[in-house]
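Take a look at these structures.
Shared chain: chain A. Partners: chain B in the first complex, chain C in the second.
And then the complex of A and B:
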C-alpha cells in the first residue's frame, strides 16, 4: 500500500488558481516572499495588505478564506530563535533582567524586529502553502525545469518525489518489524542501551540503503527497456499563453506598487 | 509526525535579504560545479542519485528513542557523500532540502540557499573529506573517521545556521550560538552512531559497494583538504565564539561585516540608496551584489583550481 496522503499536499480543484501556469505561480510566489523581505520592520500597513492579498488568493483558489492560515503554524517553533532579537538591538529600554550569566535588555527596536520577523515568516509560509495546494508537484518540477534549473538536479528531484512513496512504505515496514520485536513488560525496561538502539537504527538505515540501491538498478533497467535516453520527458508542454503573461506582469506590477506605496505612506 | 523538523531548517523571514542572497549565490556556484562534475559520468548514475535522494528522505524517518521522549534521527549528508561521492552527495542533499522546503514548508524558499549550504554542501564536504583521511586504512579506522565526520558535519550546520541568524540581526550571538551548538552536539552523536552503524552494515553485506564508493573517480584526496579546512573552522570558531561572542562581533565589525545601523546590520555601501526605495530595500541588494561578486569570484577560481589539480 502506498501512503499518498502522507506526502501529497495538492488539493484537487478547478479554480483559476489551479489552472494558472505553474511557472507563473512559482515566480510570483518567490517574488511575494522577496517583497515580504523588502518591507522594512514595523511596516504594519504593508504586512496587512500582503495578508489581504493572501486571503483573496485563498478565495480565488476556492479553498475557503482561512485555509492557509490554519496550516501556517509550522514555522512557529523557529520563532524561538528570533526571540533573542528582542535583546539584540540597541534602542529605548523596555525592560531588563538577568538570566543565568546574561544581562538582557529588551528594547523597542528589538521588539519591533521580533514581530516583523515572525509576521514575515508567517506570510511567506502561507504563500508557499498556497503554491503546493494548487499545483501538482510534477507540474512544479516542470516549472523548475522551464526556469532553467539544471536538468540533472530537476531529474533528481523528480525521482525523489516519485520514490518517496515507495521508500517510505519500505521504512514503515522496517519500523513495524522493529515494533513487533520490541515487546515490553510493564515496569520493566526494554530495548537495551541508547548505544544499542542507535546501532539497530543504523542497521535499519543500512538495510534501507541496500534495498534502495538494488531498486535503483532495477529501475534503470526498466527505464532502458522503455527507451530512456538520459532525461525525463513530459507530455505537458507548459507553454505560456498570453493570459499567463498578463497575470505574471500584473502580479509583478502589484508587488512593485505595494513596495512604493508603503514607503510613500511610511 | 513521521518526519521531525530539525532546528536547522530556517523558514523565510528569519534571514536578512543580504544573507539569503549571499548564500544562494555560494550554493548556486557550488551546485553548478557539482552538476558539471556529475553530468558526464554514466547515465546509470541518474536514477541512482534520484533513488538515493528518496532514500535519505526516508532514512530521516528512522528514529531511535534517546531519553525523555526525545529521539535521534539522521540528517544524512555525510552518509550520502561517503556512499555516492561528494558532488553527487551534494546534489542528492540539495534535492532533499528542496523538496522539504517546497512541499512541506520545512525551510523557506528565499532562504533555501542557506539551508542547502548548511545541510547539504557543508555536511557532504566534511563527511567525505574526513572519511577520505582513512583512505586505504583498516575498517575500524574508516568507520571512526566517518563517525567524526558525521558529528562534525552536524556541528558545522549548526554553527553556520547560528552565524547566519546572527548576521541577519535575528538572534543574539551569545544566546543562539551556545544553544545551537549545545543541542546539536547531542543530535550529532546520534548522527554519528547511525552513520557508523549503517556503514558497518554495508561493509559486512555489500563490501563491493564500498569499493565502488572509494574509487578516486568519485572524489580525490583533495577533499581531505576541503573537508579538513571546514572542520578546522568549526573546531576553532565554535569554542572561541561561544566563550567570547564579543570577540567575534568585534572581528566582524573590523572586517566591515556589521555596519552601525540598528535597522539593517548590513550597510556595506550605505550611501548607495535609491530615493523612493529607502535605506533597506534595493540598496541592500545592490550592496549585497557587490559583496557577492567578490565572494563568488573567489569561490569560482578556487574551485576551478581544485578541479584542475584533482
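And then the complex of A and C:
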C-alpha cells in the first residue's frame, strides 16, 4: 500500500469522543448539520455558539482546539457555488455590473444569504471532519446499518471503502507506467498532439474500468466460495450503554435549545 | 456489513469416510466464448493427501479449482465427499472445500480482518460465540492472532496471504485448495508460508509454479497442460524426468 493516509482520516485516540458509540456520533453529526441549516440568515450569535461547541468538542476529542478549523478550508471552494445567491435575491442594490451579456445586481439580502451559506457549510464540514477523525470507518459503517440505512447502500459504502485503496493504487500504477515511458529527446518536440494524449488518457480510464470490472467478478467468486447466498451478515457488536443514551439525549436537547434561543432573541 | 441472524445450519461433515474427498471423472468445460479449458479430466484426492498442481499459465489449473466448490460447473462427474456437485449440495460443498484465491485483495473484501475471517462461519449460520471462537482459532493457526481489528488494506502481502488462508480455515473445511500461494512473496514470507502449509493437518490441493516448494512439501504432483492432466504421480519421480518437465514448460528445481 502506497498512500493509505489519502483517505484514512481516523486519528487513534482514547478520548471520550473516541469511545462514544458511533451510532450516537452519526446521529448527532447529522442533527448538528440540520440545525446549522435551520439557523436564520445572518444570525451570527447562533453560528458563533455552534462554532464554540465544535471548538469544545475538539478539546474533548484531545485533538487540540484548532484541529478541525485547519482542515476545514479544503471544502471552502465548494461553498463558492452559493455565489449566485448574491445576485439572485431581491433587496437593496449594493452594486451592479455587466458580465458578458448578463446584467448582475448584488443586493444586501443576497450578500447576507451568501455569507450565511458559506459559514453554514464551513461549520458542517468541521463537524463531519470531527466525526471521521474520532470514528473508525468500519464502526461508521456498522452505525449506518444499525440506523437502518438500506442494506444495499451500506454494502456499497463498505465495499467502496475497502476497494478505494486498491483502485487508487491501480491508478497510481497506470500513471507511473505512462510516466516511465514519457521520454523526450533533445531537439524533438515531445508529448504528441493534444488529441493523441487525450486518447491515451481515455484508454487508461477504460483500462481502469476493465480491471475493476474483472476484479469485481473475482471478489464475487471469493464470496461465493465462502458460502455467500445473497445477504451479508455480521455480528452485532454495538450496544448502546446508558452513557451513550444520556449523551444522545442531551445533545439533541442542546440543539433544540439553540434553535429556540436564536429564534427568541432574533 | 448488514446483520442477518438466521437459523442455525448443522455443521457439514463428510458422511462416508471411505469415499475419496474429491472425485472427478471425465470433466469437460468450455468458457462461454468457446475456449475449451478442461478436456476429459479425471482426478481423485484421498483424505490427508497433499497434492501439487503444476503446469504452464493457461493450462486450466485455476479453472479446475473453480470447479471444486461449484463456482464453475462443466460436464462430467464431480463428487465432493461422495456428494455430487448439484445446486442443492452447493452450500455443503462450499463448507467442505476451502478455496483460497491467488490475489488476497480479491479474497479479503471486508473492512477488518475479523469480519473477513468471520464471513464464512457467519454464512454457515453458526451462533455468535462459535463464530468468535472460530475466528480466534483460524487466526492462531496461521500465526496471526491479535490481528482481528486490523484493516485488511494496511497489511503486507505475506500477512494478507495468511489472513486469506484463515478466512477459509475458519469454516473448518475438509480440503484446502490454494491458487499459487507463494506467488509474489519475499523469501522470508515464502518460507513462513511453506512451514504453515506443512504443519496444517488437512487435505490440500495447491496450484503453483514454485517447484522447489513442491519438492519440499507435496508427495504427489499433478501436471496439467492444455486443459488435460498429462501426468500424475510421485513428485520425486516426476521431477527427475527432465524431458517431461521440459515438454510442459517446467524447469527442474
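The criterion applied here is as follows: the second predicted complex is superposed on the first by the 238 of 266 C-alpha atoms of A that agree within 3 Å, B and C clash if a C-alpha of one lies under 4 Å from a C-alpha of the other, contacts with A are read in each partner's own complex, and residues count from 1 in each chain.
Here, a residue touches a chain if its C-beta (ideal position, glycine included) is under 8 Å from a C-beta of that chain, and two chains touch if they have at least 3 such contacts.
On a predicted model such as this, the values are computed, not experimentally measured, just so you know.
By the touch criterion defined above, A:215 reaches both chain B and chain C.
Legend: residue contacts after superposition of the two complexes on their common chain; A:161 is shown touching both chain B and chain C.
Using the contact criterion defined above for the overlaid structures, shared-chain residue A:181 touches neither chain B nor chain C, since it reaches no partner. In the superposed model, A:117 lies in contact with chain B only, and not with chain C. Looking at the shared chain after the overlay, A:241 reaches neither chain B nor chain C. By the touch criterion defined above, A:225 reaches chain C but does not reach chain B. Between chain B and chain C, B touches the greater number of residues of chain A. Look at A:145: by the touch rule set out above, it reaches chain C but stays clear of chain B.
Judged by the document's definition of touching, chain A residues 137, 155, 158-159, 161-163, 166, 215, 219, 223, 228 lie at the interface with chain B and also at the interface with chain C.
For chain C in complex with chain A, the residues that touch the partner chain are 1-6, 66, 69, 71, 91, 94-95, 99, 101, 103, 105-107, 109-112, 115, 118-120, 122-124, 128, 131-132, 151-154, 167-168, 171. Residue ranges of chain B in contact with chain A, taken from their complex: 2, 5, 7, 9-14, 16-17, 20, 31-32, 35, 38-39, 43-44, 46-55, 57-59, 61-67, 72-74, 79, 83, 91-92, 94-96, 98-99, 101-106, 108-110, 165, 169-172, 174-176, 190, 193-202, 205-206, 209, 262-263, 276-282. Every residue of chain A that touches chain C in the complex is listed here, in rising order: 1, 4, 137-138, 141, 145, 151, 154-155, 158-159, 161-163, 165-166, 215, 218-219, 221-229, 231-236. Those residues of chain A lying in contact with chain B across their complex are 6-7, 9, 29-30, 33-34, 36-38, 40-41, 74-75, 77-78, 81-82, 84-85, 87-91, 102, 109, 113, 117-125, 128-129, 131-132, 137, 140, 150, 152-153, 155-164, 166-168, 170-171, 174-175, 191, 194-195, 197-210, 212-213, 215-216, 219-220, 223, 228, 230, 259-260, 263-264.
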